[in-house]
Amino acid sequence: MSTVPLAHFLYFALALFSIGLFGVLARKNAISVLLGVEMMLNAVNINYLAFAKYWNWNSLTGPVFVIFIIAVGAAEVAVALAIVISVYRQFKSANVDEVHALKG
Amino acid sequence: MIEFSAFQTEIWLIATALLIIGVGLFLPGQKKAMDWLALLGVLGALLTLPCSGSRCGAVVCAMPPEAFHGFLRVDGLAVFFKGLILLGTFLALVASFRYLDSQAVRHRSEFLAILLFSAAGATSLAGSQELITLYVSLETLTISSFLLAAFLKKDKASNEAGLKYLLLGAFSSALLLFGFSYLYGLTGTTVIAEMGKSLLAQPSSAIEVLAVILVVAGLAFKISLAPFHMWTPDVYEGAPLPVTAYLSVVSKIAGFAALARIFWVGLTAPALLPVWTGLFAVLAALSMILGNLEALPQTNLKRLMGYSSIAQAGYLVTGLLAGGTLGIGALLFYLAAYLFANLGVFLVAAVVSSKTGGERIVDYAGLWKREPFLAAVLTAGLFSLAGLPPFAGFAGKWFLFSAAVAKGYTWLALLGVLFSAVSLYYYLQIVRQALLAEPKDPSPIEAGLLEKCVLGFCLMAIVLFGFWPTPIAQWAQSAASSLF
Amino acid sequence: MANNVFYILAGISLLSALMAMTLRNLFHCALFWVLAMFGVAGVFLYLDSEFLAAVQVIIYVGAVTVFIFFGIMFTRNVMDERISVMNGQFALALIAAVGFAWITHKAIQESSFRGFEHPLILTQEAAPDTGKTTTLATLVSGPDASSNMSVENLAGDLLLPDRGFAYAFEFVSILLLAALIGAIVVARKEPS
Amino acid sequence: MIQYSWLIPALPALAFVLIALLTKRSKGLSASISIGVMAVCLALSVCLFLHLLALDPAGRVFAMNWTWLSVPPWQANMGVLIDPLSVNMLLVVTLVSLLVQVYSLGYLQDDERLSTYYSYLSLFTASMLLLVVSTNFLQIFVGWELVGVSSYLLVGFWYFKPEAAEAAKKAFVVNRIGDVGFLMGVAAIGMTFNNFDFTQVEALVTQGVAHGTYTSGFVSILALLLFCGAVGKSAQFPLHVWLPDAMEGPTPVSALIHAATMVAAGVYMVARTFPLFSADLHAMTVVAYVGGFTALFAASIALTQDDIKRILAYSTLSQLGYMMLALGAGGYTAGMFHLTTHACFKALLFLGAGSVIHAVHSNDIWKMGALMKPMRVTGVTFLIAALAISGVPPLAGFWSKDEIFAAVRDSSVPGHQWLLAAAVFTAFLTAFYMFRLFFVVFLGEARSPQAAHESPKVMTVPLLILAVLSISAGWLNWPGWDAFSRFVYEGPAPHPESFDGVLALFSSLVALAGLTLSGLFYYWKVFSAQKAADRFHPLYLLLKNKYYVDEFYGWLVRKFTWGLASLFDWLDRQVIDGGLVDGLGRLTQDLGGLLRFTQTGSVQNYALVILAAVAVIYLCVSF
Amino acid sequence: MISILTVSLVPLALGLFLFHSEALGPNALPLLSTYMALPLVAALASFWAPARLARWATLFFASAQLGLALKIFCLYQTALGGYQFTEQFPGLEGLGLHYALGVDGLSAPLLILVSAVYWAGVLASWDSPARPKEYFAFFSLMTAGAAGAFLSLDLFFFFLFYELDILPMFLLIGIWGSGRKQYAATKFALYLVGGSALILVGFLALHFASGINSFDIRVLGDLAQTGFSPAFQNFWFPVLGVGFGVLLALIPFHTWSPDAYASAPTAASMMNAGVLKTLGGYGLLRVALPALPDGAKHWLPLFAVLAVLNMLYASLVALRQKDIKYVVAYSSVAHCGYLVLGICTLEATGFSGAALQMVSQGLLTAFAFGLVGLIENRTGTRQWEQLGGLSALAPVLGGLFMLNTMANVGLPGFSSFVAEFMVFLGAFRSGFEGGFAILKILFPIAVTAIVIGAVYYLRLMQNVFFGPVRRPTEGPFVDLRSREILPLVLLLVLSLAIGLYPKPWADMVNSSLVPLIDHLGGFK
């Protein structure tokens, strides 16, 4: 049924990854940065599934990896939010570029 | 039947962590109990090692226990890494008790438990033979570290450190995963050894190289290799002192465990090998240069140690890229030397900072007069880091650079020794304060018995490895041989 | 037709991802982000991973967004529209992201992935005489749907010790536990 | 007998050690040890002399060697060489030493550090004797340096006098300058011939020159390098400046070291290595001209000096110049003969001067006068010595100076007639300044504030002995008998100089002329010295200021050495240490300071760096 | 005094005779390891002993070590040559390391130097230091480093022991020093570590380029086994040369040394200037030359230029110093020039001269620093402009300083004369008989150093000891006590022993240097 070439999945993932990347690099708000990171992880997931499908269906390694990435990502988000909240309390801001007391 | 011996170390650690949480829940006032429980847990985990690593002593291991389809195998290398990680954790724990008291940290049980979870992640990483297992272990280590770094909630610096570490950590693990995904795409497997075989059979391609570079970036971040190092000073400075100690040693050792395994088992294809060894050589050089130079103007001890640890990563990578039992053996030996030296320094710092509250270098003025023993350990540790005899760092650097020269990286070795000389300058800044300057506040600093014992142990190890490196170096070599 | 579904899904995802990363209003960003995650879940479906698509929706679109909205609520002044949402290195970031995409795109183009118009399977032909099992692979045109990709199999992979991933699966629970405890401790307001 | 000859240098050395370590407390014991040892040495020397005399002239050479140092293929020995030349020198040294040591007993009787003084004297004699009996170049250099240091110690004996300390240093340093050449010569000889031994080297040189292995030019370079040492030690121009200053030492020391023995070591060394010099005329010419010039130069300075010891010092320079001239002219025996006679009368002059100084407590001749009456022995012996040095027949100086004139006359050195003229004119000057000294100090009116009195016996007896020798020593070479020449002459040197009646007459007349002129100026006061000085004021100033050589050297040292030292010191502090070393440190630190700015504190910068690094690395790897 | 003599002589005798006794047998204890371990034991002992006993403990072991050094010197069979008393234990075979000690004609006299300076240093710091336990422990540790380096036959241990000196020296300067001590200590440490960086890389390069899995000096020094190409040698010789040159305070790498010596406490200056510097020359002769003969032939002329520069330049700079200790420090820099020049002749006589110069300048520099320490102790100043006429107050001090002056000036009778003379001989032979042509020019320039070298010391003598009495403080002036004289006498006697009868010493060093020359193959 499907005749989408593998490369297109990869391009899609890549684009998503890059958009996430851009978000991580350019957004001020810590939450936005986190959204960017999660987007990158999603792109990775697409890669895994695409490879899994186009490469070797017999092994479930790809999907399994995706499950783990999602799980770890969730944990990461939980921790991240906690830290952002804590930072917000101290700095009265969730803007990443305002948190730069440590430098040099 | 599951071979429990393949992961009983982790079980020990996790069980201890859970127990501590339990104590924290039900007996929140029992600080001492938690402390001792944590120490005992780590010691117990350490005791599980020789019997899980090999049944015939720690040195040679004919049939390493493995479990889960071989995804987890505790070979000699894993035992060595696990041993180092546990020792590091133990020392970081000792450093944390007094510090936690002095900072009035309320969630002591959680702190200890997370530290132990993190350590479990690290030890598990050392035994992982497969990328998913490795990834999960790595994230356990890292995510717990984020929390530990941010643990002092009322401290701005700690929060900032936590945030920075978190954002960059997540970012770099995304890069790592992206790299892994292409490797998976190329090979169809996540088992490192199979991946290696598969890559061996196919021609080199651009995407393969890119994937390797992404993996390098993701893992170099963990060991704070330049130019992926930039989080290090900020996080080291901001994180609570024992956490900095923990990060500087355990996190780094785990990173090297992952690197050694992935690169020397998975990415040995002839087309790839020169790419990443060359890359590591350049990064090592960069680390030595940046780490040492930027350390020079520092005034905060933790920040300075951050830069120092970047430079040390540079030296260590020299052994990694040289490879072979010589190179990896040197890496392992130096890690051991680094562990005792660095944690000795941090332990002293923890004791001093608990008393004075200061973390600047000038706060160590006249330490010699206030507590000679602390000053002695500090000096020995710093000189060992600088690679001067009779301390372990000297032998370690000798091994590392000789491995580098053996592989033709003479320029790197030269750079390394020259920048070791530069590094001596900033280490001496601390030593000068500690030994030569007059104390502003002459009141004595007394270390506890436990701390003293542990410091003595560190000192002994530093000196002993320096004077007679043979046994441990031999062990390191035989451990390294399980990779090749 | 089926192909177009993919391209539409992909298009929606990318567009909303872009919006999520560029819009000023953080709340809108989050909404677009959820949309993008839905798109990705759709692509998962398209890649025959119904289960994962469901997980994606549940975890990301459900749990994670809840978390994030929480976060947005906590950090109040993010709704202020007068301040730029982009930081100083906005232009460089753009160049870097596009550059990275370009590089990787080139690499993919040159790679062997490019040739795969159809999903393929790699059957392992054991070569008894050499004992090699996995190195030699034959590419065969694969079946359209896979019976392997079932929840049962997945669960088996994750839970049965001899399949290997059970350890990681157990371990991730430790990770989650640690994250949970830690997040609670860190996020909790400290009495002064 | 010969086998005990090693005792001659060894005994004074032992005395030095004994006095320095053990008997310092007792002045009397120290002095007795030193003097006793000297007497034994003199006796031994005399025995050796008699022993040699008894032998056939061809077989009068004995050498004993002990290996001292060796690096194959060469070895260096310490040894004792007994031959007529060295025995002659031994006699001179031990005799003068003994007399001076006895004399010192009176001269320095009140000095607390008499023991130290005697230990230094013993060290000196030991070194000098080591030098004299040396069998090889290395040993002579060792002795050479050791006499130098003894001289340093003795000149600076009264170290609390800043002038003495300065003079001691100057003597040492100037000698060292000469030693540079000497050392180079010794090294060159040793390494060229793989041998240091005098006889063997001389044989090798002779053979080598004959076979064309070594050019005579090369040999003359070696000889001239050695001669540098002699120029320093024997205070020849241009390294003469130290000797007048060395008069800051105790007067007996001046008599012993700076008149009779040590300064003659240069002459002795040239005589000892004569075959090297005589192998090439160039070397001889240089030696002759340096000697001749120094003789004239120093004599002219002596005309105007006021310090009794300085006058004698310049006289010594001049006489040493004579000896060098003689050797350069080929007059081997003449040089040695003059050395011997000069040792007697110059030691006498100095001891006499010491006696005078002891009496009037001043060195300025214009504070003395009419001392003949209170100090009869001193006066008479001084007169004898003055006559002797002026070359008035039949005293010792007459004979030896005459032989020098003869040698110069017969020399093959180019321009030898000019040298002869200079030598004769110097003889005139010598007579003039010596009697200027005599007339001013011993005759005329008394100018001394206190009453002078004769010195004690212990001082006058040595004067008498030396006076006898000053009269009679010259008779050894009585024309026709030539005992001295026949004894000393052994090698392939040119013929022994023969007495020439005409020349002798002429030189006697010249000496008498000088004496008379001096009398006219300073005794009869027919001419006024003051007027003469005013008349030739520039010349007078030039002479009075010793041709400004010291000033020139001072200027040179200040400008050159001190300037260079300052430059290097500045270079070391500011450029190498401050600039390069600290600069490198500072640069490194500044670099670190600059690099710090890369650590902006913004986490997104860090992320960007990571990504950029990945891209850059990838691009680098792919292309 | 009597107790000092007892505590010195008894262990001295023990060291000398114990190993000889029949009961113990000739090899009952490893001689060299014991020698090396004694200062370590001393360090531990002084650290653990009560503070007031620290110096006694150190003195005890120092004396025993001196006895042992004398014994090794006496038992060494010059006629046989080569390494004797060798000890060897397998170490890390995989890395080519093994613990190997041995002594040959070159190192046997140096052992005496080490022990003599050690012993003298202990007595020289008898009652000065605060915190005596640490002080003596560090001092012993330094000695152990030097002793180990001279004995090691394995480059790893050679390097280890050499670098072992840096930390204690740093602390000795930094804690017990004077003046700009922190600056000097840091500079010292950085400089030496920088120099040793080159040495380390050089060693590793030798090891791996040889293809032999060994760090053994004997193996790496055998070109037949290693087969280093001339290009390799030309590249690596200057690396090692400069590395050792830093240690030797070769211009322009010398500026650490005056500052360090001037700031260090007396005993540390003695040990460092006397012994540690020597190690640089030893390393050149022991490692760099045998392993890289072609490189040496290529580069030594340049080093010869530096050496002569050292002799003249440092002497001139010494002339301008106002601090006596700086004068002595620059003098020691200047004297290293002789050592290097001797090596640069690549000729047997020059080599022997260099080897003797090592011992000689070690003894004499230590002697000089000891004296300066006493002057400072008595007068409270080191500025010679504030001093004068001390001979009148302290004849013994004056006399010893006179001997020191004479010795440093290179007067016959002292070891310096023999050594310097042989260096000149070697320079001449090398320059004029087919060696390095540049020595034709350098030889005469070098010889002029005997003048300049004399001037500054004589000037010092004249200003400090001669002339009218001048000193910054009033009060009674005590001349040297016998305890203060004792260590100086030992150094002096050794110097005189070499200077008066150099043959046995020269023969001993030749027994290992002549084979070295043969190995280097001369200039053919």
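Should a chain be cited, it is by its letter among A, B, C, D and E, assigned in written order, with residues numbered from 1 in that chain.
By definition in this document, a contact is a pair of C-beta atoms (placed from the backbone, for glycine too) under 8 Å apart; a residue touches a chain by one contact, two chains touch by 3 or more.
Please read these numbers as outputs of a predicted model, since none were measured by experiment.
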{"item": "Intersection of the contact lists for chain A and chain B", "value": "C, D"}
{"item": "Neighbouring chains common to chain A and chain D, by label", "value": "B, C"}
{"item": "Pair exhibiting more inter-chain C-beta contacts, B-E or B-D", "value": "B-E"}
{"item": "Chain whose Cα mean lies nearest the overall Cα mean", "value": "E"}
{"item": "Chain whose mean Cα position lies farthest from chain C", "value": "D"}
{"item": "Centroid distance [mean C-alpha coordinates] between chain C and chain B, Å", "value": "30"}
{"item": "Gap in Å, rounded to a whole number, between the CA centres of chain E and chain D", "value": "37"}
{"item": "Whole-Å gap separating chain C and chain D, where each centre is the average of the chain's CA atoms", "value": "101"}
{"item": "Separation of mean Cα positions, chain E and chain C [Å, integer]", "value": "69"}
{"item": "Shared-contact residues (touching 2 or more other chains) in chain C", "value": "87, 89, 92-93, 96-97, 100, 103-104, 107-108, 113, 122, 165, 168, 172, 175, 179, 182-183, 185-186"}
{"item": "For chain D, residues contacting two or more additional chains", "value": "585, 596, 599, 601-605, 607-608, 611, 614, 618"}
{"item": "Residue numbers of chain B (touch at least two other chains)", "value": "132, 135-136, 139, 143, 146-147, 150, 153-154, 162-164, 167, 171, 185, 188-189, 206, 209-210, 233-234, 425"}
{"item": "Contact pairs between chains, per stated definition", "value": "A-B, A-C, A-D, B-C, B-D, B-E, C-D, D-E"}
{"item": "Chain B residues within the chain C interface of the complex", "value": "2, 7, 10, 14, 21, 67-72, 106-107, 110, 113-114, 117-118, 120-121, 124, 130, 132-133, 135-137, 139-140, 143-144, 146-148, 150-151, 153-154, 162, 185-186, 188-189, 194, 197-198, 200-202, 205-210"}
{"item": "Touching residues on chain B, where the partner in the complex is chain E", "value": "325-326, 329, 368, 379, 383, 386, 388-390, 394-395, 398-399, 401-402, 405-406, 410, 413-414, 417-418, 420-421, 424-425, 428, 431-432, 435-436, 466, 469-470, 473-474, 477"}
{"item": "Of all residues in chain C, those that touch chain A in their complex", "value": "2-3, 6-7, 10, 13-14, 17-18, 20-21, 26, 29-30, 33, 36-37, 40, 43-44, 46-49, 51-52, 55-56, 59-60, 63-64, 67-68, 70-72, 74-75, 77-78, 83-90, 92-94, 96-98, 100-101, 104-105, 108-109, 113-114, 116-123, 142-144, 146, 148-149, 153-154, 157-158, 165, 168-169, 172, 175-176, 179-180, 182-187, 189"}
{"item": "Chain A-touching residues of chain D, taken from the complex the two chains share", "value": "596-597, 599-604, 607-608, 611"}
{"item": "Interfacial residue positions of chain E with respect to chain B in the complex", "value": "91-92, 94-95, 97, 156, 159-161, 163-164, 166-167, 170-171, 174-175, 181-182, 185-186, 189-190, 193-194, 196-198, 200-201, 204-205, 207-208"}
